[in-house]
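The structure appears below as structure tokens.
Here the chain labels run A, B, C, D, E and F in written order, and each chain numbers its own residues starting at 1.
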């Protein structure tokens, strides 16, 4: 029933091979391949779930007949000690895939849980919490999916699906105006043009240049407020730069449309999830 | 001069492609490919450096002629605002590789820095801080390398290069004794046999069974002390389970040989590093 | 000196292996690997050149020491019988890579040449000629690069870097308004929202819904003119659907901003290019 | 039921990933993954069908449960407006795979249709229409399969499964005789030896050297006739070089056994095929 | 029902593609894809079977519906002319996969059969017959699995899952003691430390240095006996170096724990196995 | 200077990764990466060398600066104790690559040496010794290259570059005549048609059907002689089936053109070659 996701599934295969190597020497010497097992995936702390289809796919990659029963879905706020999913299938596959499956799920749910905290902080404001490209190398799809499950929004996935003119681009072009012009002349019409600025002069220049969005990078609250006054309703306003759970509300209050937070994906804490396995040959 | 590391370099290539996609639409429209640039990699906070050869490899993957001058090496404790490395080469390659290179370096140095904190806490004791298999999927080589740079030690890399008999293996075999026996009969003689136990009864049984190492999982300080009395000098003693910077010293004091800490790799905080780029066509 | 392009170079490698298989049985039996050769790449008809770096890369993939001297560059209009590039290196590599290199170059220059014809037809108008996703499977990067060399512009590269709401999306959402709303609520802010419409009612609805661009699909010249009256200056206007070299000017005249032409990449004619090879051991 | 074709299916996977990237941002925001759809593949012009199993495989790669009902088969001459195939399955998969599936099918059917035109022109003669290695890079299997469906025949697939001695080989060996000799001494006995010649002197020399086949390259009708007189019944005679639909009959009439036409695969026109999709949750 | 083995199955896919290339030109021209076939796998000489799941997987890779009935299992001693397995499925897939499947099975069973001969020679002694890293490149998993099926044991799989300090390591460190010390300081605690020595002086030094195992390389029977006297019961003792079926018992008698034999995997004789195929459309 | 061989080099990379895994734990803990080493490749028994460029490529894959000096070339008959090649470069790379490099070279030279023995046996006769598709899975290029170095000839590389009609094809077609006819109607004209027969009736039928080559499978010397009388000078005659060093001359004497020997590649004995390494920092 599940739709195949080629990029996701190729990466899952690579990660399984990373852990399995030539085989699970312990399990292969002890567990009979025909022994069945049952497992329960359990939240050990309150969390926002993200990655359950990934978790299941890891097991299915070793044992296509593995059966699952879900008690929660991605995006759900799951309380501590709640059962999330029941697994039934070959015990040896279960043990071999367990760590890889949990590594995905704990990171992804960690990202979603952290994202949700930011989202809750700014709920009263009309603002999006965004991720960045500061993801774990190789895991961008997974990290960005988790941000969405936490209620956040995705910034561009990579360098080819979004335009962001930064200081070095501006220096190379000579000015913000020239940089925007050069991009507008050639870039696909499907992409908006966003300019990163560091002060009000840059903000004004970006507006004049016809940017579709302006990223206020590491500006003070006062500067941000002033920039919002200039830009509001004319272009999208994004703020970024060291924004924390403590400071995010102040930034939101200033009226920006978007707040991007690198920490969502570069420093998430893995949430505590465990897989309790019971073995035995159940009647099918 | 650098030795090629096939597994590392293949993964670096995949991660670069992840970010680059069909190309860097911003940079390709603004930066002339013949423009040269200089960059300085800078620590923004005190950190233990890990991943500098990886960082450099990312740039070299796009621009084989990129030149580097190092002011620090992996494993060094680098103070805030110190220059770590100078880069010189094609500006466009520098901009395209920057984020991927930093994503590797910030995660790896974050792991090394966190590891060093644990290592410092237990310096008076004769004990190793170990990593686990709780790494970011696909990044095990990088994560475990960073632990070593932080002064920690590696547990097994994956399921095929170490034997760890866990509760489900014991249940399947019927007893610790039978599980160890089954493994000893068949396992490569190059691998030690480690048994994970949860209480003193298990500890004694593992010792009797002839385990080479015993992993005390989630045991109380009092239990650990008693287990150490039983095992010390006979087998390697590892403690694990929710050990934090606050509790690690107490565990070390109890006399275990090894303390494994999942958080080193499942929840590191990315350290703050930046790449300051200056452009211009320098004389070669 | 050339920047590495990972996606391009991986595909070039695959295509070379496709032709080479276990080896070039003819060449390996006749040509001594130390024999050198010189080759001249020659235009056999007037063409717009596209793919010269790809052409060279194919040879370099077999013989890294192959040397080149260029007499033309991508994007140039090259007259018949003009020399484009001189090659010098191992004769056997030259013969093995020749067909693959020419297959790339003839297709790419064919696309660029055809694109240039469309571009010339609409030069008096303020309009872009666009490609589509109707490329040869696996060759999208190459096909779209060639369009740019011909003076055309790229539409989205794939499904993940542009939003285009089509009839089936609209039917699923219930209306254009609801489809646009659903996308706007969740899509990355870096992407514009384009809606494909088939009549004036749809055009009006897309405008009301706040689309950033409207694609007039298969509409008559009269309908297009009316749609332009509605949309001009408010949103980007794209026309598509069976537009040919005969009809493109009429469409441009109607005032649209963008004209997308599937034929640029789904039915280009390979241009006539040949590689004349002379052999001998030249002094290095 | 279908036999797996490893080379074909690996390429299909690559091509799908090319278009999908990180996902179909439009479809994933609008279409519920559980929504079913029905699609009808429709000929928009008369065509020779080629690639229907490829077309279906693309959809199956995303949705293994996709069901099909065929009304035509590869090699059939399909009139305009005829239904070719009915699809039923997940609507989102259908929309994601549609473009890639059609890109394959339109190119392949275009090649088959063009090939059939050549085949029809020479039907009265005992001659084969052959393809060449002038295929789209990466698509050789697909292009050559399509030629067969059009009634044409395949020349060698690549450099390793056929021997063709060309001018540069002859120059390196010193003469046709020496080149043939060198190849005959070492080449697998399973391969015939074909020699490309440009005039009657070469033709005679190839015959004397014991070639199994002679390729008359770019020779005039008069020369071809004379060459045929020399060779007929002794070796296979192939003609090539700029042969068009206008000239192919004249060449056939001259009595050659084989006519190879690069244009079949380097410059096919994509035929007009469309997929009409209807959505809704049908009863299974 | 079979567990997926990612590393094994990826290699099987590569090997099938190696043989199939662009397709089986003979079979595809003669056999209708809907024709069914039955095959019997037959031992042509007495052998120890190894690789039956691999053999079956090769067929399943082309025809997932292929059905099997087993009359023997890996590790069984199979007499000449005994049926091992019955296959039923698409005849064309059977013919295409046959050679690759047999190539795996004949090599693997050859290794198992040879290993069993060594094992039988030393049955009275408490000693293990070990393999080495002298495997066919790319086939290590297969070769080492076959050794186990023959009753042998695996030495380390590769350079990362076992420590073996050899002469060059010792020379670089300065002495055995220093080499062992350097390794013990840093190596994962899960790995034993084995030292290769060439004489009694080295043997003593390795013992003093605290090695867990000592590999007596190319030592004379007399030297081995003396070394055993020194080491027995203190460390594991491995002998290696040109040990043959003629000399293995003498080495075993000397009291070593482990005998490693490179010939098991670098020079096995393929056993004679054949697949007898009968065709026809059986009732399912 | 070396020509890149994409298929060979990709496989070499895979095989190196197989042995290296996460790294050479012994070498990385003991050898400083800047230490240089010198190595001498030495024949330990008389052998026909095959695979020296492969051997060197393995080292170069880890250390591109590794330097070599050759004292022998592929195809040479090398006496025992002769130096074959001198290596100089990073010691750690040398130790990491050594086993993989030798595994290739010992197998390949073993095949070449065995082949040469067959070739010598039939030197007085005008007959080729051929290999088969009974190669180690994944190593076909290497195995068949080694056969050529031994003076043998290659049969088809795989199923797509040669036509061999076997018993099952004949049964499916109904008769030899019909099978040949079906193939001739459609197969590429570049391939000869070979038919495998088991008796004289089949031999005659194959001749009548117009086969280009006839493979006499497992026929008695008397049968072979009779078949030769029928076929000689009309078609190529190949004999196969359990031919050994003892029987090959008798088969050759019977007058066949080709003798294929599976044992060349399915059961070669690895020849004894060693790499003696000396370390130290030599002046460059």
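Assume contacts are C-beta pairs under 8 Å (C-beta built on N, C-alpha and C of every residue); 3 or more make two chains touch, one makes a residue touch a chain.
This is a predicted model, so every value here is computed, not measured.
K.L.:
Could you classify the subunit C-subunit F contact as same or different, where same means more than half of all interface residue numbers appear on both copies?
P.N.:
Looking at both copies, the contact residues mostly diverge.
K.L.:
Could you see whether E-F or D-E has the larger number of C-beta contact pairs?
P.N.:
E-F
K.L.:
Where the CA atoms of subunit B average out and where those of subunit F average out, how many Å apart are those spots?
P.N.:
Computed from C-alpha means, the inter-chain centre distance equals 43 Å.
K.L.:
Quick check: how many Å separate the C-alpha centres of subunit A and subunit C?
P.N.:
Comparing mean C-alpha positions, subunit C is 33 Å from subunit A.
K.L.:
Counting only residues that touch at least 2 other chains, which ones in subunit F make the list?
P.N.:
In subunit F, the residues touching two or more other chains are 20-23, 140, 157-158, 160-164, 186, 188, 191.
K.L.:
If you look only at subunit F, which of its residues touch subunit D in the complex?
P.N.:
128, 130, 148, 153-157, 160-164, 186, 188-192, 194, 213, 236, 238, 257-258
K.L.:
Under the touch definition given earlier, write down the residues of subunit E that touch subunit A in their complex.
P.N.:
It is residues 1, 3-7, 10, 140-141, 144, 157-158, 161 of subunit E that touch subunit A.
K.L.:
Going by the contact rule at the top, pick out the subunit F residues touching subunit E in the complex.
P.N.:
11-12, 14-15, 18-27, 29-32, 35, 37, 91, 95-96, 99-100, 102-104, 106-107, 110, 133-140, 142, 157-166, 168-169, 171-173, 179, 182-183, 185-188, 191, 262-263, 266-270, 277, 279
K.L.:
Where on subunit F is subunit B touching in the complex?
P.N.:
That would be residues 13, 16-17, 20-23, 33, 61-65, 90, 92-93 of subunit F.
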